[in-house]
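Two complexes, one shared chain (subunit A), two partners (subunit B, subunit C).
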Partner chain A sequence: MKEVDDILQVRNLRTYFRTDNGLVRAVDRISLGVRRGETVGIVGESGCGKSVTALSIMNLVRPPGRIVAGQILYRSGDGSTTDIAKLHPNGRQMRSLRGNNIAMIFQEPMTALTPVYSIGDQIAEGVMLHKKLTRRQARERAIEILGKVGIPSPEKRIDDYPHQFSGGMRQRAMIAMALSCEPEVVIADEPTTALDVTIEAQILRLMKEMQSQLDLSIIMITHDLGVIAEMADRVNVMYTGKIVEHAQTDDIFYNPKHPYTLGLLQSIPTIGDKRRLTPIRGAVPNLLTLPEDVCYFAPRCPYAMEICAQAEPPMYQVGTAHQCKCWLYEGNEVVAV
Partner chain B sequence: MNTDQSLPTTQTKHSLTIDWEDVKPKSSSQGQLMFRRFRKHKLAVAGLVVLCLFYAVAVFNGFVATSDPAKRNSSYVYAPPTLPRFIDHEGNFHFRPFVYGLKSRIDPDTWERVYEIDHEKRHSLSLFVRGDKYRILGVFESDLHLFGTADGAPLFLLGTDSLGRDMYSRIVAGTSISLTIGLIGVFLSLVLGLLIGGLSGLVGGTTDLVIQRIIEILASIPQIPFWMALSATVPASWSPVQTYFAITIVLSLLSWTRVARVVRGKFLALREADFVMAAYAMGAGNWWVIIRHLIPNFLSYVLVTVTLTIPGMILGETSLSFLGIGLKPPAISWGILLQQAQNMRTIALRPWLLLPGVFVVIAVLAFNFVGDGLRDAADPYTSNRF
Partner chain C sequence: MFTYILRRTLLMIPTLFLISVIAFAVIDLPPGDYLTSYVAQLEAQGAVVSEEQILALQKRYALDQPAHVRYLNWIWRIVRYGDFGQSWNWNRPVRELLAERLPFTIGVSVTTLVFTYLAAIPIGIYSAVRQYSWADYIFTTAGFLGLAVPNFLLALVLMYVFYRYFGVSIGGMFSPEFRDAAWSMAKFRDLLNHLWVPIIVIGTSGTASLIRTMRGVMLDELGKDYVQTARAKGLSEIVVIVRHAAKVAVNPIISVIGWTLPQIISGEAIVAIVLNLPTTGPLLYQSLLTQDMYLAGSFIFILSALTVIGTLLSDILLAWIDPRIRFDREG
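And then the complex of A and B:
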């Protein structure tokens, strides 16, 4: 993570949840960078901390969760750098960043839209919050952006309510809402999980179009390697709150290093291949009962060694812009964060 | 995954264009949908009509009454109701409704005053007659009444009380206090309920725990003794207006708990909703989210609770006044009027003194029907959607 032109840099972020049953380290010392105009993927199975990472970047982690340590550096267009992790979650500065500079697209477009306001009102709301426009101007902006995301005759659909939109249209409306204030970073948390594959393809294409038009940086959070292959320039693979591998998208698919990434890829079916799929054995461990300073994947890892249960592996540089957190690569250069 | 698939576009020779967009029905807001569902509930609509009538009467009670509700007629004590009729005792039809006059004599055996219809005196009724002076809303003075006897003879549609005062005019006059005490009381409990319930739902933790226990304690106290204790603290020297407000406060001190529970429940449920998170992600602050997103989403439920709380308030006022610890004469409310019907003798000999109770029942039923209709209309999961 030495790139100076990163628009967003997460350094050693820890977000912990203090529950009645004990401490849950949902996000544990992760570091990642996002460059202007690129798409960074975060992939992992349910409960690995993807969404908490997203909420941490938005500084929207709710109690009992809390950002315990680390930095989230946001370098805005004018060159000033803000550490989001240091801002008060409800403070004026954080609120003016949300939506305006960093926006979020949610997984469930039905529940993420209020049933009591029309689509237009909901898009205009953000514009009015941030851009100091009048009602009429905000409405025009909403029509413009709805047209951009591919809603036909937006001036007629703007007064519709969410229940009158189809699933795909609702997700388009969500994207319109996220883009309404021209943010620089968009965090998409499983944006296509609730949609069927045809609509998924449309939405992904739309996001790419919007990205090239508006020079957006996108953080794509998903459990779907297909979406990653489609969208991401670089990928972070997450497992139990830690990033275990980070590489260019092609490297992840053609040259995976971490046994977990390898396992994920082996469990994807390929058309024409009659061989049985190899699942990753075992299950995701309970984050509550994990000991500190071991490799959490070791119990499920076919390559597990003695050291894996004794010490946590550091992040090794295993190739050009390719890092992997695994003892198998001991001897390579250790990445400092 | 291939996203760049597109169907080849076909060119057709027929150039008939149909603009489907023009046929698109207008979008309906939550409120419009609610109104449409409410209209389907016949009883609720009937209840609403009755309530509108009652409240119109409450405002224009002087106009609707036939005489001054405080006017005493010493020669007509406990007169029975004289209902307007179209057919006289000889069987002739009269186009104009009329009432017969009353003759009174003392029964030599019981020493009771007995009334008999005097067929000699026929007073026809007419609309918009001049009579006793009154004020509308305490401002506009007038002496015009909706109807009355054309010749100015006293008219006792629903009989008279122990001082010869017209019960019809008194019931009409009582409408203003009996129906507004519910509204003002409910407004107070709505404010209390929104604030305390909202606090409970938003802050959570110990605050929530303490507030919920307080609500449980309040809800478990028997209402009448609690009200009695509270109204006993209202000084007897207070003017009727002061007592009126004191009683509304007494009534709402117990009834806010229902609203508070609904509000808290909705806050807890909606706080976790994705659209609330989405609003925060757009940079909205706490107050913005509460006012723009939380309240509109549960307002319909609160409305229902409020409508169903009003009848309890009306009954509360009636009970308190009936027991003599609420409002006191010369104020006129349905409860005060019912005070006269406290013994078996009255009920047996002068049943018309129970008539205010009928109006209480009608008002309470109407509120309950409207509340039921609103509840069905506000619930987006009812089966008969559009």
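And then the complex of A and C:
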């Protein structure tokens, strides 16, 4: 990882939830970097900590959750570096980054927009806040950005309310809202999961267009390997709060190293293939009952060894820009974070 | 929006008609009439009432007519002349009695309503945002107490406490020296000094239940995705809560204004009797006891009509605040 290029760098991040039933280590010592203009994917099953990672980067983790340790370094255009993990979640400094430098696109366009304000008002709200524009200027900006994301006759639709938009249009409006302040990093948390496939393709294409126009860095969070293949330059595979493999997208698909990644790939159906799918056996373990310092995938892993239940594997360098957290690769160089 | 208001207003007409029929029926159904109690009263005083006199009285008050004729007569005079008939008990036009009492009732009800909402909405929001904090527990406890204590008891306790420890009589709407005085600044100030008692007494239970509703709805809304979206824009927490979550959460609260009004008006009747307020409540109660039917019917009709109008206003307010409602049919 060439750190100098990274606009965003997460180091050893831990986000824990203190619940009545015990401590949930939703994000446990993960590290990842995002370069200017690239798309980094985070892929994993439900509950693996993808969304908590996203919320941590936005510093929007709500109690009982909390960022306990680690750094989230944001290097802005002017060269200054901010550690988001150290900022107060509701502090002025964090709020001036949020929506302005780092924006987020949420999963459910149906529920992620406030029902009682027009689309235009909701976009203008952020623009007025961060760019210090007047109401009229902000409105013009909202029309412009709505047009950019492909809303037809935006000068009319701007006064519509969310319930008057279709799902796909709402997600476009959501993207417009995220892009309205020209952020450098956009975190998309399952942006197409709630949409049907044809709309999904449109939205992904739109995101790519916007990325090349605005030189955006995108963190694409999804459980869908198809979306990853379509969008990501690099991929992080997450399992039970940890990143277990990180590689270029091609390497993940053609040269997967971690047994979990392998399992994920084998459970994708292919058209024309008559063989039975091989699901990953077992289920995602309950994060509450996990002992520390073992490999959490071991109980479901076809390659499990004795050591897997005894010690947590370190992150091994297994190829060019390819890391894997698995005892199978013992002997390779250990990646320091 | 205009068609919405028009449609809702037109829908009021059949409702009002039904109310008038029911109001009349309720008054007319019990056996006996005003004459019966009037005659009984006269006889108790030792007067001899002859058959002819009773018949003459019956004729005079149109009591010999069948019910539907009397109803039509009654409603026609209201619609055509604004004449609500004659109160037998007071021997005065009902309209005069209404004009005397109704402004106080409307005044007390509206101020109570405003007080209820002004107190309940911020407290509900606060309780939700600081759920399980000590302040939330205090409001919750006070709220349940407010719900559980009957209004009239609260009125009696307040009157006792103020008389016993401060030597002030807080009953009535005015101090004795202002009761028959003409309106002046001093009289108005005196009114304000008395008004807070019925407002608190009548408003407590309503406020308590509204706080619970507001708190519950607010908790729901705070957990919704759009709140997180608003935060992700970089808005401050107070803006997220007030401008986004509370704006949505206030909807169900506004839509119950319509139901709150009748609660306030009927609650007001009992409290007014206890506190000796010059509102419609005690008069209505009395007219029901003496079967003074035009007076009672008119009161019931007017109060119900006011409630219907209140509901209409709350619906319009709701449509104004929530776009999802006003677009439902025209969208």
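The rule is short, and it goes like this: the second predicted complex is superposed on the first by the 335 of 337 C-alpha atoms of A that agree within 3 Å, B and C clash if a C-alpha of one lies under 4 Å from a C-alpha of the other, contacts with A are read in each partner's own complex, and residues count from 1 in each chain.
We take it that a contact is a pair of C-beta atoms (placed from the backbone, for glycine too) under 8 Å apart; a residue touches a chain by one contact, two chains touch by 3 or more.
Here the structure is a predicted model, which is why all the values come from computation and not from measurement.
Asker: When the two structures are laid over each other on subunit A, do subunit B and subunit C clash or fit?
Answerer: clash
Asker: In the overlaid three-chain picture, which partner chain does A:Asp6 touch, first (subunit B) or second (subunit C), both, or neither?
Answerer: In the superposition, A:Asp6 contacts neither subunit B nor subunit C.
Asker: Check the residue A:Leu129 against both partner chains and state whether it touches subunit B (first), subunit C (second), both, or neither.
Answerer: Touch partners of A:Leu129: subunit B and subunit C.
Asker: Counting residues of subunit A in contact, which comes out ahead: subunit B or subunit C?
Answerer: Larger number of subunit A residues touched: B.
Asker: Let me test your reading of the model: by the given contact rule, A:Lys156 touches which partner, first (subunit B), second (subunit C), both or neither?
Answerer: Touch partner of A:Lys156: subunit B, not subunit C.
Asker: Is A:Glu230 contacted by the first partner subunit B, the second partner subunit C, both or neither?
Answerer: First partner only.
Asker: Could you look at A:Glu108 and tell me whether it touches subunit B, subunit C, both or neither (first, second, both, neither)?
Answerer: So A:Glu108 meets both subunit B and subunit C here.
Asker: Pick one for A:Val116: touches subunit B only (first), subunit C only (second), both, or neither.
Answerer: In the superposed model, A:Val116 contacts both subunit B and subunit C.
Asker: Once the structures are superposed on A, label A:Glu184 by its partner contacts, choosing first (subunit B), second (subunit C), both or neither.
Answerer: neither
Asker: Would you indicate which of the stretches 1-9, 19-27, 37-45 or 109-117 belonging to subunit B has clashing C-alpha atoms with subunit C?
Answerer: Given the superposition on chain A, subunit B and subunit C clash at 37-45.
Asker: Using the superposition on chain A as set up above, list the residues of subunit A that contact both subunit B and subunit C.
Answerer: 58, 60, 90, 95-100, 103-104, 106-108, 111-118, 125-126, 129-130, 161, 164, 174, 177
Asker: Mind pulling up the subunit A residues that touch subunit C in the complex?
Answerer: My answer: residues 58, 60, 90, 95-100, 103-104, 106-108, 111-118, 125-126, 129-130, 161, 163-164, 174, 177.
Asker: Provide the residue numbers of subunit A that touch subunit B in the complex, in ascending order.
Answerer: 58, 60, 90, 95-100, 103-104, 106-108, 111-118, 125-126, 129-130, 153, 156, 159-161, 164, 174, 177, 181, 197, 201-202, 204-205, 226-227, 229-230
Asker: Per the contact definition, I'd like the list of subunit B residues that touch subunit A in the complex.
Answerer: Touching subunit A from subunit B are residues 1-5, 21, 24, 26-30, 273-275, 277-286, 288, 292-293, 296-297, 380.
Asker: Once bound in the complex, which stretches of subunit C touch subunit A?
Answerer: Subunit C reaches subunit A through residues 224-226, 228-237, 244, 247-248, 321-324, 327, 331.
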